[in-house]
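In the two complexes below, subunit A is the common chain; its partner is subunit B in one and subunit C in the other.
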Partner chain A sequence: MVKPHEYLTYKGRAGQWAWLLHRVTGVGVLLFLLVHIVDTAFIGWGPALYNKAMAVYRMPIFRVGEVLLAGCVLFHALNGVRIILIDFWPETTAAHRKWVYAVGVLFAVIFIPTAIVMLEWVAR
Partner chain B sequence: MKVTLRIKRFNPEKDSQPWWGEYLLEAEPTDRLLDALNHVKWYLDGTLTYRRSCAHGICGSDAMLINGANALACKVLLKNLGSTITVEPMRGFKVIKDLLVDMEAFFEKYRKVKPYFITQTPEPEKERLQSIKDRERFEDTTKCILCGACTTSCPSFWANEDYIGPAAIVNAHRFIFDSRDEGREERLNILGAADGVWRCRTIFNCVEACPRGINVTRAIGEVKKALLFRRF
Partner chain C sequence: MNGAGRARPESGLELYAWLFMRISGVVLLFMALGHLAIMHLLNNIEVINYNFVAQRYATPFWRTYDLVMLWLALLHGLNGARTLVEDYVSAQGWRAFSLASLYVLGFFFLALGSLVILTFQPVTAP
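Right, the complex of A and B next:
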């Protein structure tokens, strides 16, 4: 059977890395959602506990985590749209690498300014 | 040029684990990797085992993992591989010895998609005619040589060896989109099952690996669409 590290050592090109990132960001977003369900559920035990949980999110390390989360959501969304387009218009596969690069460029254009604004907020 | 070949060796009768054999040889930059492997086998170590037949990219015998990516040893030139070249057997198949892998399960899946002409209607008096346009519909998927480079580059196949795999889908596509064939429904039923086309995650490793330049992911996508919309 193929060992886990062999998934990383196969020298695939843009498509393989996009797939791997899609998985990683998907798991990242899922983990956040699980935590988010727990913290929202705290409201059931009254506002004091809920506010305490929310205060944790305002710690600098969580603020940086929020930037990462925004990155995960953005990449997963953009790449997801790429996959949907390929699925419904298979002829677009002729330029398959370019689609991945387009996702990369679009991600950078949206994410970099967003991250700067979010991190400025942390520094304040 | 001087070339070092690092070949993943494994003899199940003697070795408990695979090991790397290193072979230094003098070769021309325009030699193919297959020439270098032949040199090792003929002059340095006769126990090295691998498949090769036509040596011209047609028979599909010598697909292997070359510098980390699948390719045919008879189609890559040494000048494009650097001075140290790693050669491993294709991933996901059982290794019989060295670079020789057991492809029986691979061909079993190929047979599963009924890769032959199926008709129910009576035979016409002359040949079954086809327009140029209808012939072009499946031109790309006629080129497959069943080397296994696509299937063994696919992470979906690595994760689930029951996945029918890109090669079998390509060969099913060749008949599904043939206007003369009447076995479309049988094949689509097989490909629509849990281990059929839906395991494809459009990773494109198959497209990058195919030595015949087949747009495998497009073929798989067209089969997916055929399953969804029954349009051909």
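Right, the complex of A and C next:
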């Protein structure tokens, strides 16, 4: 069994961090999904309760969390494509570190403008 | 370390689970990112309220979309959590307990989510 500190001291470089981030973002998105199922369920009790629940999501802390969530989903999706690539086309393993960098670059290119649009309310 | 996924299991249920993660992953890439783009870029939390959902759910299209996405995302997430339990919970009793909780919790949320999507009827305008 790997000890917690070994996740930080193990020198697996890019692939190790992609692996760890995939797990962390996966857990994060799953936890939000459970919360999201509950908040959506409130709609069964009518407009008053549901609109109150949505008002909670308009609080600044949740609007920042919303951007974080989008980042988690985006990274998990892009890194997932990289995993599938390595699984089904083993020859891509030869340049495995480059694929991790590609995920990082693509993530930044999509996430930065997305975050700017999603945080537009801060400037208002 | 190349950060690859789990090694492909030889056969049986584990192989199907392994394939499911990859297939649902690709489908969810489009569905979940599409959902995020529609709800958080084209729209935003300031306009999402009861009437917004009522309008969206007036036609079967978005109900079907949400139901398919719910099942794929939850099963994908639960199977991922199962992998984590098998990796990190080594004591046999705790592992059995964690897996059992995961299945019960999973069933509850799958049922609740499906029920909401399938049975929602907007109340007449107040």
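The rule we apply is simple: the second predicted complex is superposed on the first by the 120 of 124 C-alpha atoms of A that agree within 3 Å, B and C clash if a C-alpha of one lies under 4 Å from a C-alpha of the other, contacts with A are read in each partner's own complex, and residues count from 1 in each chain.
The working rule: a residue touches a chain if its C-beta (ideal position, glycine included) is under 8 Å from a C-beta of that chain, and two chains touch if they have at least 3 such contacts.
Treat the numbers as computed from the prediction; the structure is a model and nothing was measured.
Applying the stated contact rule after C-alpha superposition, one finds that A:T93 touches each of subunit B and subunit C.
When the shared chain is aligned, subunit C comes close enough to touch A:L74, but subunit B does not.
Contacts of A:W19 after superposition on the shared chain: both subunit B and subunit C are touched.
Between subunit B and subunit C, more residues of subunit A are touched by C. Of the two partner chains placed by the overlay, subunit B and subunit C both lie in contact with A:I83.
Contacts of A:E6 after superposition on the shared chain: subunit B is touched, whereas subunit C is not.
Residue overlap on subunit A between its contacts with subunit B in one complex and with subunit C in the other: 1, 10, 12-16, 19, 83, 86-87, 93, 96-97.
On the side of subunit B, the complex with subunit A involves touching residues 65, 67-69, 91-92, 153, 155, 158-159, 161, 201-205, 207-208, 215, 217-222, 224-225. Those residues of subunit C lying in contact with subunit A across their complex are 1-5, 8, 22, 25-26, 28-29, 32-33, 36, 40-41, 44-46, 48-51, 53, 70, 73-74, 77-78, 80-81, 84, 88, 90, 105, 109, 112-113, 115-116, 119-120, 123, 126. Those residues of subunit A that touch subunit C in the shared complex are 1, 10, 12-19, 22-23, 26-27, 29-30, 33-34, 37-38, 40-41, 43-44, 46-47, 50-51, 54, 57-58, 62-63, 66, 70, 73-74, 77, 79-84, 86-87, 93, 96-97, 100, 114, 117-118, 121. For subunit A in complex with subunit B, the touching residues are 1-2, 6-7, 9-16, 19, 83, 86-88, 90-91, 93-94, 96-97.
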